[in-house]
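Got some structures for you, see below.
In what comes next, chain A is part of two complexes: it sits with chain B in the first one and with chain C in the second one.
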Partner chain A sequence: MQRPSGGRPPGLVWIPAAFVAAAMLLPLGYLILRSFEDGWSGVLEVLLDGSTLAVLLRSISLAVIVTGASIAVAVPLAWLTARTDLPGRRTWAVLAALPLVVPSYVGGLVLISALGPRGMLQGVLAPLGVERLPEIYGLPGAALALTLFSYPYVFLTARAALRGMDPALEETARSLGSGAWKTFFRVTLPQMRPAVVAGALLVALYTLSDFGVVSLLQYDSFAREIYTQYRSAFDRTPAAILGLMLVALTAAILYTESRTRGRARYHRSGVGTARRGAQVNLGRWKWPALVFCGAVVSLALVLPIGILLFWLARGLVEGEPLRLVWGAALNSVYVSAAAAALAALAALPIAVLAVRFPGRVSGLLERLTYLGYALPGIVLALALVFFGSNYVPAIYGTLGILLFAYVVHFLPQAVGATRSALLQVQPSVEEAARGLGKGPTKVLATVTAPLTRSGIIAGGALVFLTTMKELPATLLLGPIGFDTLATSVWTATSEAFFARAAAPAILLILLSAVPMYLLVIREKKQ
Partner chain B sequence: MSDPMVRMTGVSRGYGPVKAVRNLDLTLERGGIMALLGPSGCGKTTTLRLLAGFERPEAGEIEIGGRTVAGQNANVPPEKRGVGMVFQDYALFPHLTVRANVAYGLKNGQRRSGRVEEVLALAHLEDLGGRMPHELSGGQQQRVALARALAPNPDIVLLDEPFSNLDASLRARVRAETRDILTDAGATAIFVTHDQEEALSLADEVAVMLDGTVVQSAPPEDLYHRPATREVAEFVGEANFVPGTADESGRFVCELGDMPACGACIGHVEAMLRPEALRLRALTDGEESASGATVLAREFYGHDQLIKLRLDSGPVLCSRLGGGPGFRPGQRVGVELRGEAVVFPRT
Partner chain C sequence: MRQTAKLPKSATRRLLPVIFLLTALIASAAACGQAPPQGEKSGDQSSSGETTGGGETTQAEKLKPGEGSLVVYSGRSEELVGPIFEQYEEESGMDVQVRYGDTAELAATILEEGENSPVDLFFAQDPGALGALSDADVFEKLPEKLLDRVPGKFRSPDGLWVGTSGRARVVAYNSDELQAKDLPDSILDFTDPKWEGRIGWAPTNGSFQAFVTALRNIEGEDTAREWLEGIESNNPFVYPDNSSALEGVASGEVDVAFVNHYYLLRAREEQGDDLPAENYYLKNGDPGALVLVSGAGVLKTADNPKAAEDFLRYALSDEAQQYFTETDFEYPLTRGVQPGKNLEPLSEIESPDVDLSNLDDLEGTLDLLRETGAL
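Up next is the complex of A and B:
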């Protein structure tokens, strides 16, 4: 029997929680304030502008194409690696998830240097008389890059759903007279749907918020347009209004998803089944399946790393100094580690409140922290630039405001991990400790903390990984002259110094791979 | 009632409009083992949590060892109550060994004094001290939970459905072990259960809870033979209800005959007869009896058997016989009374 411990949460919990929630509200609140500075007329002027509508349409079409393509790539991959006798399926599963560690702007850099004008492919094809390649800039390039490096979101959720599914459901369908295909479409696929939707949602939100790819590949979606407006226009209010529109679009998608999620939980079967589902014998289809897996992994993983290594080698030969890279790497690591620690700390009171003292207020506080998801990095950064330069110039342009942006942006990840770790600790275990004569603080230190430690660390690792790759906030809010790996890649790529971008890009991938590896290992142990 | 260890007076506790516990009175002597028996949802677990201090009463007073721990001006937190609790899911600390689990509630001095080993021995866990909780069987986990609760020498030990997570085959043995461990430790204990057999066999005192309040608290045999209300009679063991009359001389008369009665009321009454009070005699073909009946069904348990029968006058009753050869469905029998009836006002 699970019951909330009686009474009010202690001040130790709810006061910090309230602070964190207020901090979460600050950027959005200020963005709204700023957008309506000139009243409704100013907002309407931007809203009704033809070019704004074009930006909106471009953003939506990019999101739809990338999401659709990701599902088309990821669902077959998930099924092949989870349910068939595909040779090397465990290795394929790891390789197919790995493109997640390639930051989108690194993907953009690879695509441009390989397929762009005067790029590597053209260099190879030039002797054959090919003078022009299909245009890579704009929608096709952006969609390709984003699909290649964000499909793993769908792959991971779909695969987990396939593995967690109760095989008895499929067996029941078969024994009731459904054939293999009919069973797949009428039982397996509907069971996967919530997981696929969850993954697709991540892809769509990521696509909308992505700044690196659309900027490098010059596709004027919201993120790029906001940056351009911010950079060029004297009046920055239109940038704020565009940012608010992007937030509204994100919120609309999140809202739609949450309306349908109630059923999703119902679909998921319990944790871990005793038996794994039956394995499908691919037979002759093994070869096309291998080609498919190979093609995806080559494009999303082998090609980028190969191209980066090529540029690195070429840079080294031409005497590109590596010294700057180490400085940037150090900056990246310590700012990410600080953000991870702060986010884990800030997540703790929120998660304790949500799990141990469920109620309307604590639910609201918890949901407020998810604002970080709804605020794309560029919008968050913009809001904090306005706020910092207008109200607290003392911290504007310091690491403090950058760390604040990171924590607001990535707090949901830390809250999610801490929350699920806390949920696994039965309240009765804490009560048993109370009954044995230990006060609340002692119980927290000797029972709750040791039991949730690994979950909290996992949340921190996730924040570390994402902070490492973060670009727009670092670009807008970092102190002058503060180079991280992400900004180094960005600067070098926008100036087409691919050789200079290669070293930080490779380092970034390696560093991001560490938490990813930890998370995968952790998953296996459970 | 010389030395009560636990005294609850007029305690109420609700969840919103629902009163889980209302106006509850309860007393338990030092060294006694009490069962809180009731159907699910009657407020047993809430009562336990009120005693442990995980819930606060809205009204009433709770005393443990002569000290008021909850009431008008008092609310002692759980860690200061000296109450050991064994949870339904045992709630062992999964990150600590058996020994560390048992030692958790001890002060440093007690730990060094060998109390841990003493308690491990008491619970027959000497060889398992180094194991982790997940490496133990269900019965062993239960003993660790009990040992952990007993280690700091609490005034009372509370056990929430302690045997419900065990296999039926294991339950009887663990039950006896638990009783022995509690007795050896000289502990005062209250355990919650919805299983009447468990309550009657294990406890010195059984408190029957219905709808959030204790309707009767008595030693098991009194509860069984002298239930205070019809509800208690129905909840504890099987009961037959037969209409009839009771007179001042303490006799109950009905269509089946007459027998001594206890209970305060006279006139038109309803008597509770335990199945053991009905004796059956096979009727030969054509033989008529004033108390004739037809066997409907038989449940055979080995050591005894339950016979369901329909009286010629209509009512269906139940009789418990020894494990010998039984009666077949459809057979004609005559019913005889023995023992004592408990009479209640007719409803």
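Up next is the complex of A and C:
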């Protein structure tokens, strides 16, 4: 059992944590306010409408399928690149993580263009007598697109866990006569569980919040239905009620997740230097493994980039100017880096509370951070439009409120990564520092934070990536005239100028790939 | 733990994230510093704002609303109207600040902002949003002189908004497979079984839904329902938007698609003139030949209503109308401006007689689309 390192958390931890939690409650407050504007009758009317139940069921099925598929794709990929002699495993690790940088509204468009009933793939297969491919609109297409572009959440966390795991456990199992497969399922997989669950949680909640894919592939989940409400009725109440239902669904998912967490210990317990586990020799399994990695990377990375390049080339041939929007690129990088740093900072106290001072309150605080993440960007943006313009006009329409929105939206990514890293740090190290006379604040700054550095950076990198792609909040809350790469892509695609969208989209993917690349490379050299 | 006992190389590695974090923090501090637009906090924080370099400082200056600046929320894409704003800025010396976004989302934003809205002018893609904001009592009545620039059916009957450019619903057809004479006069005839598997549509598209609303208004609820059911039973190809429906026509995926007139013209611009597709205008005031408009209204809470009206005057000038038709392939709405090349004159389109501000029952249309399985 893991014991808290001593009684009450220091003020340095709980005061900022309380502030962060209060910020997280803003969107919830807004939704409650709007939902009950017309009293209970309006709420009941939406709740009891048969189509609302259908939306709920559709959202749940999509989240379940995408999460399951992501785990099925990501865990083998993580194991292959972290623990085996797979040829080119470092390159595969980078490539397998990169699809996360593809914005869903680009990925969805590309999939339709490639795999649509009469898309490019059908064009290739036409000589073979394939007249049209099966429909990808609806659940299959939406699930495929979301899986392809969000499985890296699980891949990254699972891989980090495999690398941070104490090999002694597996070695002990093997020495006690357990076979390779048995050891994997009985020892390795359970040890990876918190990491896989943390990644899966991000996938599930992202799936609920994403608007790009479900709108392009026409799947009526919460995100799409909420938008339809804004558009058809210009009535914010039904949209808010749906948003509130989404919050309830998120709470249910978080509760389920908390039941799986348990109280197991994931850090090293023994003495001696930490080391890396032994490499598994794949032998002739090398070939199917390579095919698997190749297939995933082709679909999730090569295909979107290839089609973007095709659009770009087609536009250039027709005389479209090449639009290299460096100003927008600079804005994107600048604001994303700032959001990443702020989120990493805000996540630290929450993660420390959750891991070192486990309890009802700290658990609740940690889960609160997920609220903003599961809400579609438009709901969050309108909530902050409401609070910003009416209560803090001084920062409304500035980068300040935009950064605030990003942190509220993406914080759990940083919390999750920091938390996983903290779990692998022995409390005894902190206790030793305390024993040597350092105060709790000093311990946090000089022992805990440096030891969880890799997790903090990984979390920051995730926030960076998602901020690069973020659209609704950037459009509604950014300073007027603040162009980013995401808004440039949107501007062009909203009027179907695909050639014009291609250049900023490629730039967006390339620039987001840099931190992702550094992240995987860095960890590898340790 | 394990890094500490490593080679000196690790020292730089350890510094890297620290440097990154510091840079990012400085960046975010600067971001917040340059933030206040009303100049409330600018005194003590302006120094950090200046350190971030030229680009950001000008942005902060641009944020200042008030005299000599016009704040616009535009649901029309920057690709379409950006140059109009630039041109106006140049001619008037006015500083124009435009927030681009989705029409419905911006309308919701204006409603959320309420009294504190910084917006002077709302420029919408479709009359539905303008009607909704009119109902919410957001718009100020426009001067008659301005309204009179466009025909009565392209503006609000209460004078709260005015249309700025038009688009026609058409049947785009694959010109390798079909000729204009193969096509019926009325959109109602596409329920004929001979069109089975040959029709493309985009039921989620706003203009399509406006057409269905018009169909309900003109032909009645029952005919609209029968038409939707009839098309459904012809197994239409469902596209996410008009442009991919047009792509479907050009690639031969379908023979015809119900879209707006300009998608073909834009696709030709990007992909060349030999695209095997043409536009067909339905006849005899058929609802399928509906002409829709984009338009704008001035907010009651505007800081600078004069500038907003002045911009509208510019948007309805011959110069701007010419731009809409020649560059965006839209229809000019004011008298005396000729539609661009490849455009059927507006007067020759046998469009139905409907009140555009009456197309606001989108909810009823969505219900009907859902009931008939189109959505």
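Descriptive notes on the structure:
The rule we apply is simple: the second predicted complex is superposed on the first by the 301 of 526 C-alpha atoms of A that agree within 3 Å, B and C clash if a C-alpha of one lies under 4 Å from a C-alpha of the other, contacts with A are read in each partner's own complex, and residues count from 1 in each chain.
One rule holds in what follows: a residue touches a chain if its C-beta (ideal position, glycine included) is under 8 Å from a C-beta of that chain, and two chains touch if they have at least 3 such contacts.
For clarity, every value in this text was computed on a predicted model and none was experimentally measured.
Between chain B and chain C, it is C that contacts the larger number of residues in chain A.
Contacts of A:446 after superposition on the shared chain: chain B is touched, whereas chain C is not.
After overlaying the two complexes on the shared chain, residue contacts for A:433 are found with chain B alone; chain C is out of touch. When both complexes are aligned on chain A by C-alpha atoms, chain A residues 429, 451 touch chain B in the first and chain C in the second. The touching residues of chain A, when paired with chain C in their complex, are 51, 112, 116-118, 132, 137, 215-218, 220, 227-228, 230-234, 236, 239, 273-275, 314-315, 318, 320, 327, 330, 334-335, 337-342, 344-345, 378, 381-382, 385-386, 389-390, 393-401, 403, 429, 451, 453, 456-457, 460, 472, 475-476, 479-482, 487, 491-492, 494-500, 522, 525-526. Residues of chain B touching chain A in their complex: 45, 49, 52-56, 77-85, 87-89, 91-95, 104-105, 145, 148-149, 151-152. Per the touch definition, chain C reaches chain A in the complex via residues 1-3, 5, 13-14, 16-17, 20-21, 23-25, 27-28, 31-32, 34-38, 40-41, 55, 59, 62-63, 71, 77-80, 97-102, 104-109, 111-114, 116-118, 129, 132-133, 136, 204, 206, 237-238, 240-244, 248, 251-253, 263, 266-267, 269-272, 362-363, 365-366, 370, 375.
Within the complex formed with chain B, the residues of chain A that make contact are 1, 3, 5-7, 426, 428-429, 431-439, 446-447, 450-451.
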